[in-house]
Every structure is written in structure tokens, then in C-alpha cells.
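Dumping the structure here so I can ask a few things about it.
Here the chain labels run A, B and C in written order, and each chain numbers its own residues starting at 1.
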């Protein structure tokens, strides 16, 4: 880690205030403009957390030379967070009657009030002790190839207009997709519930990742929000809850990472549910009903749907099949496991790509069960596709024009499969269906921080200093409907043309 | 941070140096082991090393007639090709040298014939006009040659010497006759050796003599011939030196302002092409990093550290001008983003490892998905390739052209024993079928893929195509 | 038609009938191809005529060729032979380095070497087989149809490689049609005799079978200027199915079948070859088969379906056909 050498060279031109930052700043941050000082302090902090090895050291050593401005700011923020957590906790205590029933439902996402002091130092990672371990403990953290998708770079990008000499590093075609992400609870509005606060951060750094996982976590957190809710005098729950309480939570989550399609569908459903609550229903009963409805919703639309899809799709797998999949989808994994546990003997080819290498985790999981696995990156795709009998793909969303919105690279796999005349099967819960349409992968997408593509110490170190160089790290692509042959949903196996029909049945009819 | 010393320059340079001192046989063995151990790799270094070696073989070996020389070159060529069958450029250079020697023999003989011949000139002259390749020299060169019998072994090579197959010329002139005759073979009196094992009586003309038949005549002029052949090989070496710049000369015909060009990996040929276009135009280049085999070099290239292959110094790293310094906006993307970003791309420019006569090509892995994605988006695909990469070999199985790399660069030691428990593939090359390519740009010009067979035929004699594959020689 | 057949009597000794000669040559030697039969017929004509001048002879050959064409329903294959013959004479008469320009010598050469030409044509088939067998790899399944002698030779050659100790094991799917089962039978039996498993399917099964197939190899009666082929009826649909299944479609053919004729489509071909295959009948007919023997019916396969032509000179892209013909006629 060249955390000390390369940036310091650039630092000489920087104002005094910024100079001490270099001590804990990892590479590439040297040119942080003064205008972005505030945010750089924030990002610096998140970086030290998320960037693996140095974080641990920095945390330890900083206790001795603790008084850098960055550390001071961090401390101030922690205190602020702690204060807020306390007030929230106090609120929770007020609404105690509802709390006992609900806390067992989502223990992992409901932060302890105390998390405000110790937990927030790890930016809400406190609840996930093991993860924190991985992140800060050097070798273990490195063994996971999953990079930490902090949004450090966004600060630099958006700061560009402030300091003219700083080059805009955003890619022109995607400029509409870059937005500043909330990376610390300090920026959050005070209406945000602690459970949601923590969740937002977890989503932002990809601890909770995947369309369904995020959906489930969000609804669980909203349950906490509802439980903690008290209707102010002169208002009704029906009118007040959505606009005054739920909306800030949603805005905050969206600021951490754009809301997924499935989350959007669930939010719409929840709002509808709230609006249907009779004004005369007692508050406690209404809250209980809502939380119950959320549980049923999750059960039906996610848990049961996943099971059903896995069952159906596993039925399509025959002995001797060669199944290709791309990256990692939980429902694809579940399908493969189910088929394997039913005694089917088949081979799995996992295709993967940089920078997430999600497929490696899937491959490792399958190998450990004794399955026959072949692994390659996209460069090996065309060499193995001839032997494939079926392609199973996961989805982030199914667009209304039958196109598949999924992890970037999926379109390539589907294209080659189509060329080789192999059936392409998408496994997708109807909660991921949307009325939106997409023709290309540029209008609607998500841009991840470019630094994820920089291998530490590799040739791209300090890439921001290279004029006219941009690095684009998009997260999704759109697969044309003609490459897809079947979509397995909990409502049946359908062709891509049936997506709008199922969407209307599932997500729009209340 | 110093870039890893992966470039070919040191080994090629070392090999070149060793040629001066070592014996011919030692040099051959040396190159064979360099090829085997992949210490000399990639088309151009392999082609250069082969040409350098053959120059030594021709210059130093004892040979008394062209027939023996051809046999010897064939033998050396076979050993080299065997050492590294997937570096098709090696075989290509051997074939060109063989063809050149045959031409020397034929021309020498023809000269003597034309002393008594009519003033109308040789039939080659007639066919030089429809010759399909761009000849930079005036087509009259063969006329000049025909009228300068015997005096062409002078120092002033470019003006008095008949063109050999260099970047400027090709076999077109000499080769049209066989093409045109091939349908007449059925009826002809001479016939081709293939079709008439029993010599037919011949009312006119004379047949192509077997090289061995030339032997007697050759003894007298061996010294001159030696110089001629060495000169020819040097022209091939010159071509190899200049090929990238020659291809780059076409850049402005293909890149207009504000284009978005997609390419992948780190190819000096593509790089120089883009730089040349950047002299006059502003545009954007999207580079796919071609992980896991070439991403380091690609990253270095986008950071302005593309090594200059012409640089002779071993110790000092000299870099080509960076694309950005030339005014190009460079966007680095992952290989997975290719399909997503293709809707914004105007043109795809690919480099090759080898080009096959059917118009298909072998290129760094990932080229096929790029070309396929371009096809899906109706985006034109341009392939840059020096003619020395054009191979006449017809692979009956494309997978046999593909070399596989170390699986460890995909699943490394940090993943523990994972790599042992599953099959991990890391191909270094892709075969891209001809229907995915819209245009080839070589140092001879721009060609449709369907026309490549002709460029290939122009550069190799039919009898040399399968020199390394005796079971196909009949 | 009469004007064409009206050959000036003084140039012909006896009663020479080129059509009859052509048919006789084809019948005498089942191994002979149509273009070569036409060439042989012209050689006989040359032997029998007492025309002396160059002009007379050329004129005779031209009129007789045209007459032959008029009297054969599918004349495109033989046209390849007659035109090659004429072009050859023309090229020889041009004084050049490789030709003395002596007409009598040319004539003598042609007349005395008739058997040699046949021999060469058969040799070409052997060469195609040697080139083509390389396409067949271990474990392949090859689909073919019709009674093409070239394809038969090619497959037998590949089978011999297997016998010689190589480990090329392949299977053949043979599309058999009732009307010409006899010619297919010969090839199939000879393959089975060499230990090659053959599946016989009818034309309706091709699309179903295509997924199992690695490549399609067919023969052709003629190759036209754009590289498209004229071949036995049914070839075109197999080519389309092969392309739809992304299987390579190879044509094994001698270069003497290249013909300077440009055909665009089936309709375009019908103007040259009147086959009357599709007949609309208002009423029920006992025997719906067309009057023209369907046995010899052909169709046209456009070049875009053809992966490569396997000729005696090795694999050729379709673009090479036009080039060869351009050079042939630029003499």
C-alpha cells in the first residue's frame, strides 16, 4: 500500500489543512480539492474503514496521534450520531408496547441503541461483527475478492465544478447517472430511523447486496419504523405515516444507493397498504396489521416465490446437463442446490467477471458440496459455450418490454448462448418486474465507483492524475428479449413477452 | 513502480545479438528453445526472429543450388513451426522466404529465356495490370526487369532489382498465371504436377521446372543469388519494422471527428493507428481491459506507458506518446461492459494475432464477444493486421489455434485449493469468424474479408503453403 | 433452333450428332461429369471435322456447343465444359511465352489427349477427396445427400484414413430420396463396406436431424459466377437448414464445373432450365410427378449459404469463383 509515498508528492501543492490527511489517506486521494474538504474528510474515514489492511492499522495507531483534523471530525460525528441514536432510542422506548413482538423478527437489522457510540465507528457495521473482522483483518479481508463499494470517488467527481483545475472524471454518456452518495450517517436527516440508517450504510458499501436481499432488509427496517411510529395529535396514521415518516426513510436509502426495482415495487405496495388503513382503526392495531402484512408480503413474494422458482427450475435440470450461469444469483444457487440434492448429476459452468467476482463465491459454494464445476471469466465464454445445454441467469429486474436488467456482462452471456443456440432461462420473482422499459443500458443504470477497478499498487494507481482518462464501472446491462427463451417465476414459466401481463397481475392490482 | 519486464524486446534483441557469434545450427536451436519457452512470443517478434534466423541460414550455410537451399529452409522452417505451432507468423515468414527463393530461380531462368524471346515481354506483364493488390511501385517494374537481363545484380537495388514480396509488392504479378491456368489445367498440355503424373507431350511452352533442375545453372551465380535472397529477407525485415506505421497511414480514412472507438487489450498497431488519427481529429476511445491476461499492459497503456517496440535500448524504457497527450479521451471499461456500452460505439477496432485465409482471425481472448456485440448493434468492426500475419493455413478445427494460459491468473493462490477442485479455463486467444468482420486494414490497404484469400494467395506460393505439413503436400 | 443446328455440311464428315455423342459418353462412363462429357464430345467433333481454318473450327465448335445446350434440359453444367474448351483454344492461339500459337498443334493436342482429360478430371476428384477428408474430424457426423461422386470419394477417403490407423471415427447421415435411391445406394453401400455407420433419412427429417450434425458436405453440378451452386433438388433447403442451425455447409466440386453464368434465384434459374416442377392442377391427377424426370431436377443455392468450396486446389472461398472465371475469360 503506497499510502505514504505517492500522494505526498502531490500534497506539496495542497493547502496546509489537507496535508495531514495524507497520513491516513490511501493512494489516489492526493489531489483532493480544498473545496471538497468536508467530504474528503468523510470519505477518508470511510476509506480507512473499507479499504482493508490500512484501516486496522490506522485505527490502532491513530489512538496515539489521534488529533488529525479528520479524526476530530470523525469523533464529532460519532458523538452526533450517538446523540441521535439516544433520542431515537428514547422514542422507541415510548412505543414500547409494540417493540417486544417485533424485535425477534429482524434482529440483524435493528441496531442496538448503543451502536451509536461503538457501532457507528464502523459505520453501522457493528452489528455484523464478523464482517467487520473480515474487513479490517488483513489476510482474511483480502481473500474475499469482493471489493468494498464505498462511494469515495463520487466526492471527487462531484467536486469538480468547484475547483476548475480538477478534471471531471465522469464518463460523458453516463453523466446523468452519477450522484453523490450518502456515505455516513452524519449527512442523514434526523427523521431517519436508526435501523434504516444502518441499513443505508450497509447497502451503500454492498454488505447487503442483491435485489432480493435489499428488499427484505428494507421491509424489515420499515417494520421497525412502523413500530416506533406514533401518530402526532391531530393527524391520522393513514395520512401522516407515508408522507412524514416513510418518505424521509426512503429518501435516505435512495441516497445511499439507488433504490432497486423490487424495492420500488414494495414501497408502492406498502404505501397502498397504509392508505387502505381505516381511519378509525386504533393505532396499535393498525401498526400490527401493517407489520403483519409486510411479513405476509415477504413470505409470499420472496420466500415462497424463491422456493417455487427453485423447484420449477430444478425440474428442468436433467442428468448429464451442463448448466451455465453468470456471476451469482441466490435463486440460481438455490435451484442448483435443489437439483443436486434431488440426485441429479450435472455440470455447472460459472462465468464471472471483474471487479466483483461474485461467481467465484457461487463456484466455491458448489464445489464444496462436491458438484462438478467449471469456472471461467468472460474471456473463456465462447470456448465453453458449445458444451452447454442450458443457461440459467438471475435478474435484477425484468423490464416491461421483455428485456432483462441484470449484472453487467449478462447480456454477453445471453448473446453467445443465443448464437450457439442454447436455451437461456431467467429465474426472476415477479416482485422484480417493472412497468419501465429499457432499450439500452445507458439511460437506466448504476455507476459504481471507478476505484473498484484499480488494483492496489497496480498500474492504475493515481489514475486521476492522468489527464483525459476516465474509468467506467457500470453495474448492470440490458439483455435484449430475443436472447431470452423462458422466464421462470412463481406465477409460472413465461416467455419474455408475458412480463407486462404478470407485472400487472402481481404488482399493480392491489 | 516499475512495470514488469514482460516485453519481447530484450529477448529478441538478445537473440539478434547472439546471431552474430553463434553458429547457424546453434542459432536454430536457440530460437527453437526461445519459441518453446515463449521467451519470444507474439506475431511480430516471432516473425522478426524467424526472418533474422533465415537470413543467417541463407548467408552462412553452404548451398550450391536453390533446390538444396529450399530443402534446407523447409527443414529449418518445419522445426521452428513445430516448436510453436500457434505462432502462425513463423510459418508465414518461412513461406515467404521460400517463395522468394523460387522466384529468384524462375526469374533467373526467365531472364536467360528472354534474351532470345520476343520484345512483347513475358506473360507476367500482361497480368500485372489486373493485379489486385495496391502496388506502390509502378506496374512497369516487371517490364523493367524483363529488359534488364543479367544486369540486375547491382548495388542500386530499388531501381534495377525485380520487386520481391515486400510491403510494396506482392506475388500478384507472378501468381496470376497459376490462378488463371488452374481451370485450364484440365485441358492444358503442360498441366500442373498435381493432375498429370504422366507427362503429356507438349506442343507449346515449357513447364515449371522442378527446383532441382535448376542446379547446374545455379552454381555459377550462387554468390549473386545469395546476395539476392539475403536482400529479400532484409526487405521482409524492413516491412516488419514499418508495418505499424504503414497501417496507421490509413487512419484518417476511417476515423472522423467525435467518433467513439472501442478497442481492447494493448496493441501497438491499434495504438499507432489511433495516434495517427489524433493528429487531425478529436475523438473518444473506449478500451476494454481484457482481463485476466492483458489487463496489466492495457492499464499501463492507458496510463501512458505503452512501450515503444522500436526502442533499441534495453535498459531504458521508452514509451510511445500517450493517447491522451494526443488529445484523445480514453475510457477504460471492464470486459463485461462491452455489450452495455456498444450502443454508443461508432466503430470497433481490433488487433489480431493471426489472420486466416477464410477471412477469420485469431485475436486476444475477448475479441469474439466484442465482435459479436458489435454485430448485434450493427457497429462496424475493423481489424488491423500486417500482411505478415496472414496465414495460408486452413485450420480445419479452430480450437486447435487457441492457446491456453495459466488458470492461476483467474483463481489465484489466495483462493486456497479452489483451483484444484474445479476446472478453470483461461484461453489466451479467440477465433473470430469472418462474418463478424467488416474490414481489414493491412499495410497494403483496406480489404473486405471476402477478399483476403487473394491477398494470402499473392504472398505465398501454393507449393509452400503446406511445407510444414507433409501429409497435405501432394 | 434450326439455324443453330444447321451446321455447314462441308466441315463435317459423316453424320456427327453432338447430342447423341454427349449422351453416349455419359452412359459409357458413369464416373464422368457433365462438363467433361461435353468436352469429350467436342474433342470427338474436332477429330471428325475436316475444317481447316481457325475461324471455321471455332465457328463449328461454337454452333455445335450451342446446339448441344439447346437440346439438353439442364445445360448449365455442360456449358462449363464447352466454354472452357473454347476459351482454352482461344488462349492457346494467342502467341505468348507458354504457347506457340500454332493452331494445328493445339488441335492435335486436344484430339489426341481426350482420355487424358477424363483422367485428369477423375484425378481432380481424388484431389478433392484428399483435401476434403481433413474437414472430417474424429467423432463428427456428416450430413450429405444426392449421389455426388465427389462427396462419395471424399467420405471414402476419410474412412480410409481411419483404417490406416488414424483415429478418425465419423458417422454419416444420408438424405435419401426415393427417386434417386439407386445412386445414393452405391455410395451408402461403399461407406458401410468401409465400416462407416450410415443413417438414412428422408428429406422431411433434415431439420430434425440437423442439431446432431457437425457439417454438411454436398456436391454440385455447376458453380455459377457468384459462387452459388446448381445442385440436385433439395440442396437449397438443406443449405438453409444448415445455416439456421449454424452448421458449416461445404460444397465439394471440381473447378471445371465453374461456369460463367450469373444466377440470382430459383426463378432466375428457371429461365435457363425449364423443369416444370410445380404444376397447378385444377382436378385430381393420378400421378402428380412432373413430366420432366424429377430425378434430374436441380435447384440453386445462393453463395451466402456456402462456407467453402472444396476444390482440387484446396479449400476456396466462394469469392474465388468469380476471380477464376474473370481470368479464364480475360484471355
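Here is the rule we use: contacts are C-beta pairs under 8 Å (C-beta built on N, C-alpha and C of every residue); 3 or more make two chains touch, one makes a residue touch a chain.
A quick note: this is a predicted structure, and the numbers were derived from the prediction, not measured.
Participant: Chains as vertices, touching pairs as edges: which of line, ring, star, complete or other describes this one?
Facilitator: complete
Participant: Where is the C-beta contact count highest, in terms of which two chains?
Facilitator: A-B
Participant: Looking at C-alpha means, what's the farthest chain from chain B?
Facilitator: The chain lying farthest from chain B is A.
Participant: Between chain B and chain C, tell me the centre distance in angstrom, where each centre is the average of that chain's C-alpha atoms.
Facilitator: 36
Participant: Distance between chain A and chain B based on Cα centroids, please, to the nearest Å.
Facilitator: Once rounded, the distance between the two centres reads 49 Å.
Participant: Approximately how many whole Å separate the CA-defined centres of chain A and chain C?
Facilitator: 66
Participant: At least two other chains touched by the same residue of chain C: list those residues.
Facilitator: Touching at least two other chains: none.
Participant: Taking each residue of chain A in turn, which ones touch at least two of the other chains?
Facilitator: Expected reply: 419.
Participant: Which bits of chain C are touching chain B when the two form their complex?
Facilitator: 36, 39, 84-85, 87-88, 91-92, 95-102, 105-106, 108-110, 113, 116-117, 120-121, 123-124, 127, 130-131, 134-135, 137, 255-256, 258, 308, 312-320, 323-328, 330-331
Participant: Under the stated contact criterion, what part of chain B meets chain C in this complex?
Facilitator: 113, 117, 120, 122-123, 126, 130, 176, 179-180, 182-191, 194-197, 200-206, 357-359, 394, 396-397, 450-451, 453-454, 462, 465, 472, 474
Participant: Tell me, which parts of chain A touch chain C in their complex?
Facilitator: 419-421
Participant: So in the complex, which bits of chain C are touching chain A?
Facilitator: Residue positions touching the partner: 211, 245-246.
Participant: What residues on chain B touch chain A, complex-wise?
Facilitator: 1, 3, 284, 286, 289-293, 295-296, 299-300, 302-305, 322, 324-325, 327-341, 343-344, 365-366, 368-369, 372-373, 376, 399, 402, 410-411, 414-416, 418, 421-427, 430
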